[in-house]
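Next, two complexes with chain A in common: one pairs it with chain B, the other with chain C.
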Partner chain A sequence: MLRTLKILLAETKISMMASFQYRVQEGMALLGLLVESLVYLVVWTTIARAQGGSVGGYTEGEFAGYFIAWTFVRHMTTGWSPWWMEMRIRRGEFNTLLLRPIHPYFVDMGRMMGMKSIAMFTLVPTIFLLSLIFRPEFALIPWSLLTLLPALVLAFLLRYTLMYALAVTAFWTTRVTALFELWFAVEFFTSGRVAPLSVLPEWALNIANVLPFQWMFAFPLELLLGRLSPQEALHGFLMQALWLTGTAIVVRLVWRSAVKQYAAVGG
Partner chain B sequence: MMLRYLRLIWTFTRLSALNELQYRANFFMQFFSSLLTLANGLIGLALVFYHTESLAGWEPMELLVVVGVYTLIGGLIRAIIQPNMWRILDGVHEGTLDFTLTKPEDSQLLVSMANFELWKLVDVIIGILVLVYAVLKIEARVGIEEAVIFTLVLLCGGLMVYSLWLAIATTSFWVVRIWSLFDFFENMYQAGRWPVGIYPSWLRMILTFLVPVAFAVTAPAEALTARLNTQMLLLALVVAALSLVASRMFWKFGLRNYTGASA
Partner chain C sequence: MGASKALTIDVKELSKTYTVSERSGGLRDAMKGLFRRTKKEVRAVDTISFQIVPGEMVGFLGPNGAGKTTTLKMLSGLLFPTKGTAHVLGYTPHERNKDFLRQITLVTGQRNQLVWDIPARDSYELFKAVYDLTPTDFKRTVDEFVELLELEELITKPVRNLSLGERMKVEIAGSLLHRPRVLFLDEPTLGLDITMQRRIRRFFAEYNCREGATILLTSHYMADVVALCKRVIVIHQGHLLFDGDLSDLVRRFTGHKRIMVKPEDQSLDLSGYGEIMSRDSGVVSLRVPREEISKVTAKLLAEIPIIDLSVEDPPIEDVIETVFAEGDDAANA
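And then the complex of A and B:
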């Protein structure tokens, strides 16, 4: 356990240095996030204005707050690309990773932690700038801010683990991309990414409630904005824990047979 | 002269198409992914119009025209412009561009036409289908005149996008790691899903002159929905011509300074 932690931190350090090297690349990736959230922000504030000030319980300023905080939460909960896994397997780079005395799950996790921490240097000033332009409205509630960190960590772990479960199927077929595209399409609407969940029609909300995606995104985001009651927050944490336990078990089970199945490509 | 160029383009296109036809499974992958992207766009529209009747003066079917143009132009970019420009980058990086430059034809033509990804044209077909459906639904008066103007503006937009990509690719003669600028373009292009009129003015300026989304997506959609004024049409023609000339001069200038990687 301690050894795993040590390697995890070492990987974090390495990737921090690497992302510092490729600052421009990182900046461009961040810009992608910004453009996406900016588009939603503009669309939804336009609608709110046309509808006399608010839609789905969000005013213009609250939409601005939602989509500015969006960039932060999105950055914290993503950063891992399934194409990366597919490429590593196709090129045979996965072989060396498997030979190391630590589960690749932790190696990748360390790398992402490094990238995320470096990006904070650009993300925080950008959020500040956006706030000056769009004048967001939100409530900072002490207890929700205190519980934000665990909510973010759980959201990240849940998304990451579930993706790992899916990526492992790459051991059987080297084309997982289609599977992931389907995932992203569903996640798009049921996670709170394209719009706050309260804006969805009821039938879509019902679908969102049986899927895990809102616990990976909308939940920490609404917690940050102070929009949840203590009961709702508790329910959120419970759902996160439940989904995480479930997916962790699946990954463990699938991983064993997957590695047996794994046919190394290249040398 | 012109005829020889056309024959050359045809040969390259045929060769690339034949190459792509070997991988037929990729067609289904592309089809699946294009349909998902379209579904995403449509659900997004449905969500918006669940709450409002019109977005900044655009009715549902009119925004569907925007989605159609966005998909159509996006497909053209990914089928024709993107693969060639990536190839220039790889060529500079690996030194294979030198082989292209020694051929006795116009170098810009060669680098711009050598590669073409057939299956990406699925988006073009889907875009056209969406456009036809939306235009029929609006019952807009789209006669020969509107169709010609639409095609003209679309062509101008496409040429501007091409010029921008060529200029970025040319920069790789000096700065090899230029990938992130392509990423920048792709990210900004997403903003074209909606008419640029909804964005704040500073963003609209960026989307008009820095990344020509306004010309490439919004203007053609405006042409089909009776929104395009003569001023914008003329501006599109002028900017397209200027950027084409400027990127050609820049390419020539870059070549003169290019020393090759393998030498």
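And then the complex of A and C:
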């Protein structure tokens, strides 16, 4: 465990060093995040205004709070695509990782942690600037903020592990992009990304409640905004832990046969 | 841990079959492939067996597609064998035991394990964590490799700024930082100039000497094999054709030797003494059956004035070509 942690930190450090080389790319990624959140922000504040001030329990100011916090939570919980796995397998680059006495899962995790840490240098001031412009309304509740970090870590781990489970199918198909597109569409509507869950119609909410996506996005976001009761927060953590445990078991079980299936390029 | 602890590598009737989709090409065939795919089984490695003892350096030869890389991948745990068994250091490679992975390395001409955008020295720090090296061991190994491979200037530059040869040197050093006991080298000098090839050969020979490491090497440059390996294993179309000393390979597969003769009179026709293979700067290369060598040599010395004469085995490339040609004949018979 300690050895894994050491490797994870070393990977994070390396990834941070490499990230410094790509300041423009990092800047573009941040810009992409900002544009997406600002589009939603403008759309939903306009709808709220048209509907007499609020939609789904969110006022204009609260929408501003939601989509500014959105930028932070989205940044913290994304960063890995099964496409990476597909590319590595098709190019035979996976060999290098398989030859190391560490599971590639931790290698990628370290790399993402590095990239995320570097992006914080630009993300935090940007969020501060957005807050000055859009005047968000939210409640900073001390217990809620204290539980934010574990909620974000679990949300990140859950999303990453689920993605990994999806990526592992590439060992059989060598193409996961189509499957990922389907995932992306469902996640888009049921995670709280396009709008707060409370504005969804009941049927969509019912679907969202049986899927894992809200626990990796809407839950930490609403916790940050102080919109959850202690009972709801506890329920959220429980759901995160359950989904994470289940997914981790699946990855562990499937991994061995996936590697067996792996046929490296060349003969 | 398995059996065969005394041997470093123990391969018994190892086979690997790939299933590949087959298509003759063209749009119509591509559309047909949407509904029905023709699969074909390709036997990349076919029931090969060999053993390698600790500290041995063995050349693994074969033409493109012979199954060399597939075998190396099975021995390093990247591929599962379809049939047969393989043990390396007593471990079954495809179980990918962490202790096994800590004791081997696979170096390929195309391998890219260093992070492209940062200096190799920083990537080495990562390997230090991955292989759990103590700071003292790590420093000692890096210093040693820096000296042997002349890396001083190279490990502080971003890898992307290095030339192919320079990159290969820092890659090789990175692959050996954990001082593996078994090295699988797959075309390690591919695309490098002669000087760089020699330096890398010298490095591997020195590493083998210092660490007592076992080395299995594939290379299209016969100079690599001649310089490093006393023993060679030849495979062709997945089958093992030869396993033994390089000198035995030459004896077994060529019934001829070469007499390199420089006559005083360069206009003389020497075709009566043997098949003329080449003429270069007055030196005529004659191909003569092995059992007639002494007779022909004596005859040449007695009959014509000679400046220089030597008897040589045919170039190893020619021998290998003969071996592969016989392999083709056997496969087509």
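Basically, the second predicted complex is superposed on the first by the 265 of 267 C-alpha atoms of A that agree within 3 Å, B and C clash if a C-alpha of one lies under 4 Å from a C-alpha of the other, contacts with A are read in each partner's own complex, and residues count from 1 in each chain.
Criterion: a contact is a pair of C-beta atoms (placed from the backbone, for glycine too) under 8 Å apart; a residue touches a chain by one contact, two chains touch by 3 or more.
A quick note: this is a predicted structure, and the numbers were derived from the prediction, not measured.
By the document's definition of touching, of the two partners only chain B reaches A:A29; chain C does not. When both complexes are overlaid on chain A, the residue A:I89 reaches neither chain B nor chain C. By the touch criterion defined above, A:L98 lies against chain C but remains apart from chain B after alignment on the C-alpha atoms of chain A.
In the superposed pair of complexes, A:Q21 makes contact with chain C only, with no contact to chain B. In the superposition on chain A, contact of A:T177 is made with chain B only, not with chain C.
Looking at the shared chain after the overlay, A:I7 reaches chain C, while chain B stays out of its contact range.
When both complexes are overlaid on chain A, the residue A:V259 reaches chain C alone and has no touch with chain B. Contact residues of chain A toward chain C in the complex are 3, 6-7, 9-11, 13-14, 17-18, 21-22, 93, 95-96, 98-102, 259-260, 262-264, 266-267. Of all the residues in chain B, the ones that touch chain A in their complex are 29, 32-33, 36, 39-40, 43-44, 47-48, 50-52, 54-56, 177, 179-181, 183-184, 186-188, 190-191, 193-194, 198-200, 203.
Of all the residues in chain C, the ones that touch chain A in their complex are 18, 42, 44, 65, 67, 69-70, 73, 76-80, 94, 96, 98-99, 101-102, 104-106, 111-113, 115-118, 122-123, 125-126, 128-132, 158.
Contact residues on chain A toward chain B in their complex (touch as defined above): 24-25, 27-29, 31-32, 35-36, 38-39, 42-43, 46-47, 50-51, 55-56, 133, 175, 177-178, 181-182, 185, 188-189, 194-195, 199-201.
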